[in-house]
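Chains here go by letter, A, B, C, D, E and F, matching the order in which they are written, and residues are numbered from 1 within each.
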Amino acid sequence: MTRPDGRQADEMRPVEFVLDVAPHATASVLASFGQTRVICAATIQEEVPRWMKFQGVSGGWLTAEYSMLPYSTHSRKDRDSSRGKVDGRSTEIQRLIGRSLRAVVDLKKLGPRTLWIDCDVLQADGGTRTASITGAGIAAAVACNRLLEAGKLTQQPLRENVAAVSVGIVKGSGLLDLCYEEDAAAEVDCNLVMTASGQFIEIQSSGEEATFSRPQLETMLQLGEAGIRHLSHLQQQVIAAAMKPADSSGIQSLAEFFKK
Amino acid sequence: MTRPDGRQADEMRPVEFVLDVAPHATASVLASFGQTRVICAATIQEEVPRWMKFQGVSGGWLTAEYSMLPYSTHSRKDRDSSRGKVDGRSTEIQRLIGRSLRAVVDLKKLGPRTLWIDCDVLQADGGTRTASITGAGIAAAVACNRLLEAGKLTQQPLRENVAAVSVGIVKGSGLLDLCYEEDAAAEVDCNLVMTASGQFIEIQSSGEEATFSRPQLETMLQLGEAGIRHLSHLQQQVIAAAMKPADSSGIQSLAEFFKK
Amino acid sequence: MTRPDGRQADEMRPVEFVLDVAPHATASVLASFGQTRVICAATIQEEVPRWMKFQGVSGGWLTAEYSMLPYSTHSRKDRDSSRGKVDGRSTEIQRLIGRSLRAVVDLKKLGPRTLWIDCDVLQADGGTRTASITGAGIAAAVACNRLLEAGKLTQQPLRENVAAVSVGIVKGSGLLDLCYEEDAAAEVDCNLVMTASGQFIEIQSSGEEATFSRPQLETMLQLGEAGIRHLSHLQQQVIAAAMKPADSSGIQSLAEFFKK
Amino acid sequence: MTRPDGRQADEMRPVEFVLDVAPHATASVLASFGQTRVICAATIQEEVPRWMKFQGVSGGWLTAEYSMLPYSTHSRKDRDSSRGKVDGRSTEIQRLIGRSLRAVVDLKKLGPRTLWIDCDVLQADGGTRTASITGAGIAAAVACNRLLEAGKLTQQPLRENVAAVSVGIVKGSGLLDLCYEEDAAAEVDCNLVMTASGQFIEIQSSGEEATFSRPQLETMLQLGEAGIRHLSHLQQQVIAAAMKPADSSGIQSLAEFFKK
Amino acid sequence: MTRPDGRQADEMRPVEFVLDVAPHATASVLASFGQTRVICAATIQEEVPRWMKFQGVSGGWLTAEYSMLPYSTHSRKDRDSSRGKVDGRSTEIQRLIGRSLRAVVDLKKLGPRTLWIDCDVLQADGGTRTASITGAGIAAAVACNRLLEAGKLTQQPLRENVAAVSVGIVKGSGLLDLCYEEDAAAEVDCNLVMTASGQFIEIQSSGEEATFSRPQLETMLQLGEAGIRHLSHLQQQVIAAAMKPADSSGIQSLAEFFKK
Amino acid sequence: MTRPDGRQADEMRPVEFVLDVAPHATASVLASFGQTRVICAATIQEEVPRWMKFQGVSGGWLTAEYSMLPYSTHSRKDRDSSRGKVDGRSTEIQRLIGRSLRAVVDLKKLGPRTLWIDCDVLQADGGTRTASITGAGIAAAVACNRLLEAGKLTQQPLRENVAAVSVGIVKGSGLLDLCYEEDAAAEVDCNLVMTASGQFIEIQSSGEEATFSRPQLETMLQLGEAGIRHLSHLQQQVIAAAMKPADSSGIQSLAEFFKK
């Protein structure tokens, strides 16, 4: 089957990361999976949530918030603050982002701090949750490195990097990294969150008005594992380059990204 | 490894269903997976949501709401209405219940109606979402049968039955149908929603502070598939019996259930 | 005048109580007044509300919450949590339940604890607030007895039992314990909350679009007092039996109740 | 027993009404029971609530809102709008005001209109709900008369006047029209809403931490009936005078009231 | 151009202040600019907001709340508490009132207290925010004087008096103190907040669907400055008289005001 | 006096605009005033607000929303959606942005459409509201031009361009375009909104804990007028260039901007 942008079934969209688009965050990145663009920020806060103090839990906390900017969608989306509450889908996604990051962060080593992960979608074209997790993985890694370098942390809290990718079944075929048009047509939608070493953190596979078989699951898992390997490789490059400000030639800048 | 209640790793807790505990619903069932008890009700409403009218979508709708009664947990849980909003976990669960049921219901055949699925947890001991889906599957099936019998529906909207079960990895071993104590200790928590014919509707597998491998996923899927076959068999008995009020000797009554 | 279910004017519907339907509560009871069924739970919490700490009030607190489950009414009722607030009628009823119980509980003897009373209507057929108070009276009494037996309390906080019943004027005649059909047709609706010894705790008598005379009030009070005597007698039996688990032959079980 | 202000047990505080303090309302009155002062306004709106249109109910509607201005109490009271919701006590009172007025208004004769009753407490010294109902009774009557005079209504919707008064048991004795100090000390608090012809509309009698007997109820009813007769007499004078603007010598003006 | 009430372009409406209409406030005043009437109350509270404690800021705080009573407008205005939030316009006005008063109050001299300013509009006919600030200026001054006299404060926190007035451009001409009819027709609407000594505290000049020139601004500023001088003079009289209760002949009483 | 970044008192920070950073909007721009960066988007929606339909107002509407992204400030700012409401400052700013744009847009010529203006602050360093209005002015202009070109509009609704700038008095001296450090230290803060032709749309000048004189106002107005001329000139270049996609050499791209 032919994909709208001519990709192969197992081919990801162009993936790019631009660092430090929001300089007041501890670390931030504009993550792009094709036309999907998400601002991912990691911000350290020198206190823990009230429930931790109350329950006497030691160590730190990591929590995530996800939001679509109103102009990120084809028809303008009302703000959560106008509607007075976060919608169900956003709640679900921000819980997933939080769980995914907590699976690779040792909260004890954070000390009595909160690491806030914020993901704001600037442009939505499918896969906003996987781009969010992948970008948040970079932001969290760079933030931890900077806090170590600044002596605020004494031990690396991040065990390994985390990335996420979507896979799906469209007209019976497995596809990697669905764009919006494919996502809307998919019989099955699957999101994989994995570590750089190839372990699973989360699998969410669902058919809104359809079902799927064990072989279809197997196809999706294989496509997804290959996608994760590709993303992990890109992440490692960006994270490494972020720590060498003097020689940042290896990092793709926002300027170069938008020039294309 | 030994389980708290002496079960085998691949053994489910006693599962029981008591019909029509809330007689004003179209159909209702008290579903028990061991000490976990959920009131599941299916109620037909002769109108569709505003967004369907607005967008001109034909057919009907199915939506689910999930709530834990305040006395269902060991420490009393504040009501959502007191806190002014549904918490993130409940939002996530009710979206899952809704998607799971919509996967087996042909909304066109419902006509311009909403089938409300309500799941209220009376007692929580792990697996409330899977007991909810499994009970809701029965309530929805009985409701559809009654609406057909009453001539309100002319075609069966339910394609097949749906059930759900939890599996997990505890101290490295795969276990079926986790109770609360096991759930709290689990490295990986996985919920499977499947049809009576063995197709997947949803897989949600996640490690809050851990990761898992392909072989561990395989183990969990096999345990879950066996559990689903057991549940589907029980569901079919209850659904069949519900349609024979004159000879209800086959159905286990609430009285018998509580006597034990 | 003939009543829909053939009762005499001064005759109550069948009243039944099934204990411990929600085992995580300190005590719980399913209270039925005819087709009206309410889950009443009493749960002890080892802390007092913030305002008590702030104001330095000693002793404990008792508060009540009332809710109709969405499938308890003929047309499905939206949840309070979906609408974002508790409706006016529920607010009024839960305040009444709380006041009624506080009138017979010595809060000093509770110690620095909160006794939560939760009433959730499973099926509504008139008189849900009076069934709630009467069931809550049992749940509170059994909870206090259990806390004494467990040594958590050293003095009995409950001064005496509390029960409630509705009376009304329908087509000019006084009726005891109105069902929904009668309630909807009533010119005057009156709820009496009384102690086992025949003292009043609360009288709420109102005509939404009508008025009533002193003789009509007198009629309603006499009908109500007889109803309360009947309820108090039943309550005492259930509370006594609850404390003899070895010989529970005196208590009606949920099983027997649903068998009928 | 001696009352704080030297009144007899069956003596009301000075009661005064100043008309049209809020000229944009259809009719308004500042009602004073001693130091308790409430602004009561009746405002006609040329539409009915959405639920009436939706359910196809003909005629009009009457609804009430009650609020304490933040500076009406000894310690400043937070606004409902700051807290985001109306508190339980206010909800209960505004429902009572609405029921009380609807008992004497023929909604059919209002036509497709809403009569809004607003009661805002300027100064609170006990009995704010009874002052509100009594003042609202005047505002509603004057508003109906003005709408008839203006030809907007063709039939008088008001069947008769409505007034309310508080009675209580303090240290064992019955007292009429309790001030704040007495209200705080009362064992039993009773509010009576009655018509000018001596019929009951609503009786609410409750003991927060006490009980009461039939003879005590009888004492309270007798005290209250006398109070209502006094109030009804004053109401009739004010309502009659309101319709004779040329010769308003009979009405007490706000100026005279504040001069004292 | 002719004004609806025959005033000159530089002529204010009759301005009157009646003291202590809400006796539970530390000081209160009914401020009238023509038909616009606002209840302004200043209430001292013996604590500071949580953020001050949290941030360790010393001294006191002053905050303002503004609300239109539902019957203050020609068509009834829904309450903020019914809509669940304060509307944008009220938010803006109450922030302006707060800033205006804080500009003349030395918060350090207040000590660890909050001075609450409440402005509730009883009748709206244009200029409610300027009448609110001018009335609040009196209430705050009288409250401070009383707290000094009572020995609660040892230093005068009020540096000087504050007043406010509206000016506008209607059909090209500058007008002082616009009534509602003029305000609705104005091309430019300007509110000036100034001190008794003629310094500016705030200028807000805006054209909703129009623009204005430097000369027009100059005209408005001159009209406004004259209005402020007039208001400051009246304020000083009322504040001085408030402190001489024995000889209050200089103060206009509410009685006299309503008599006219 | 010396400014933190060495600017002259009448010198603006570097101002830059990058077009179309959010391609799903009708037009968008990243507006930077020094380190202050705001995403401004204009999005056309083919319907008008409900109140317009209800009131039968013809033509279109323009409304604005303003929000600070949580990582835009030095300490992370909680999201409005988490707190459940828009804070007072944001409400005030978004109302100002809306009024400013409506002053230059002929709503009749928009037809039955809403032009949404969204301003999301990416990085805050003082002057976020003036950068928002200036950027929104460009986004609105480009959006109108594109809608004309696409034939959706037949008449230009934009009368002229709008820009805004802040001025202030710091240690007694007038300064143009305050950065955060200056803003925090300012005695007087003034925001000017003006048209390209030099007319005023809005003047907001206020001293939170200080006052200002006529000569100081004059100084601020002169500084501001010069700033507006500079901004208007830059706006015209960007708007003109946006309509020549083939030859976009004149527009500064985001890439070039971030390269610096």
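Keep in mind that, in the parts below, a residue touches a chain if its C-beta (ideal position, glycine included) is under 8 Å from a C-beta of that chain, and two chains touch if they have at least 3 such contacts.
Just so it is clear, the model here is predicted, and its values are computed rather than measured.
**Q** Quick one: which chain's Cα centre is the longest way from chain A's?
**A** Chain centre farthest from chain A's centre: D.
**Q** Greatest Cα-centroid separation from chain C: which chain?
**A** F
**Q** Could you compare the number of C-beta pairs in contact for B-C with that for A-B and name the larger?
**A** Answer by contact count: B-C.
**Q** Could you please state the distance in Å, as a whole number, between where the Cα atoms of chain D are centred and where those of chain E are centred?
**A** Using C-alpha averages as centres, the distance is 31 Å.
**Q** Averaging over Cα atoms per chain, report the distance between chain A and chain D in Å.
**A** Roughly 60 Å, centre to centre.
**Q** Could you work out how far the Cα centre of chain D sits from that of chain F, in whole Å?
**A** 52
**Q** Which parts of chain B, given as residue numbers and ranges, touch two or more other chains?
**A** Correct list: 84-85.
**Q** Can you tell me, using the touch rule above, whether these chains form a line, ring, star, complete graph or other shape?
**A** ring
**Q** Would you mind giving the ring's chain order, read from chain A onward, with chain F coming straight after?
**A** The chains follow each other as A, F, E, D, C, B, starting at chain A and passing chain F next.
**Q** Using the touch definition from the top, list the residues of chain C that touch chain D in their complex.
**A** For chain C paired with chain D, touching residues are 85, 88-89, 91-92, 94-95, 99, 102-103, 107, 195, 199-214, 217, 221.
**Q** Within the complex, which stretch of chain A touches chain F?
**A** My answer: residues 18, 21-25, 28, 35, 39, 41, 43, 45, 65, 67, 69-76, 79-82, 84-86, 116, 118, 120, 122-124, 253-259.
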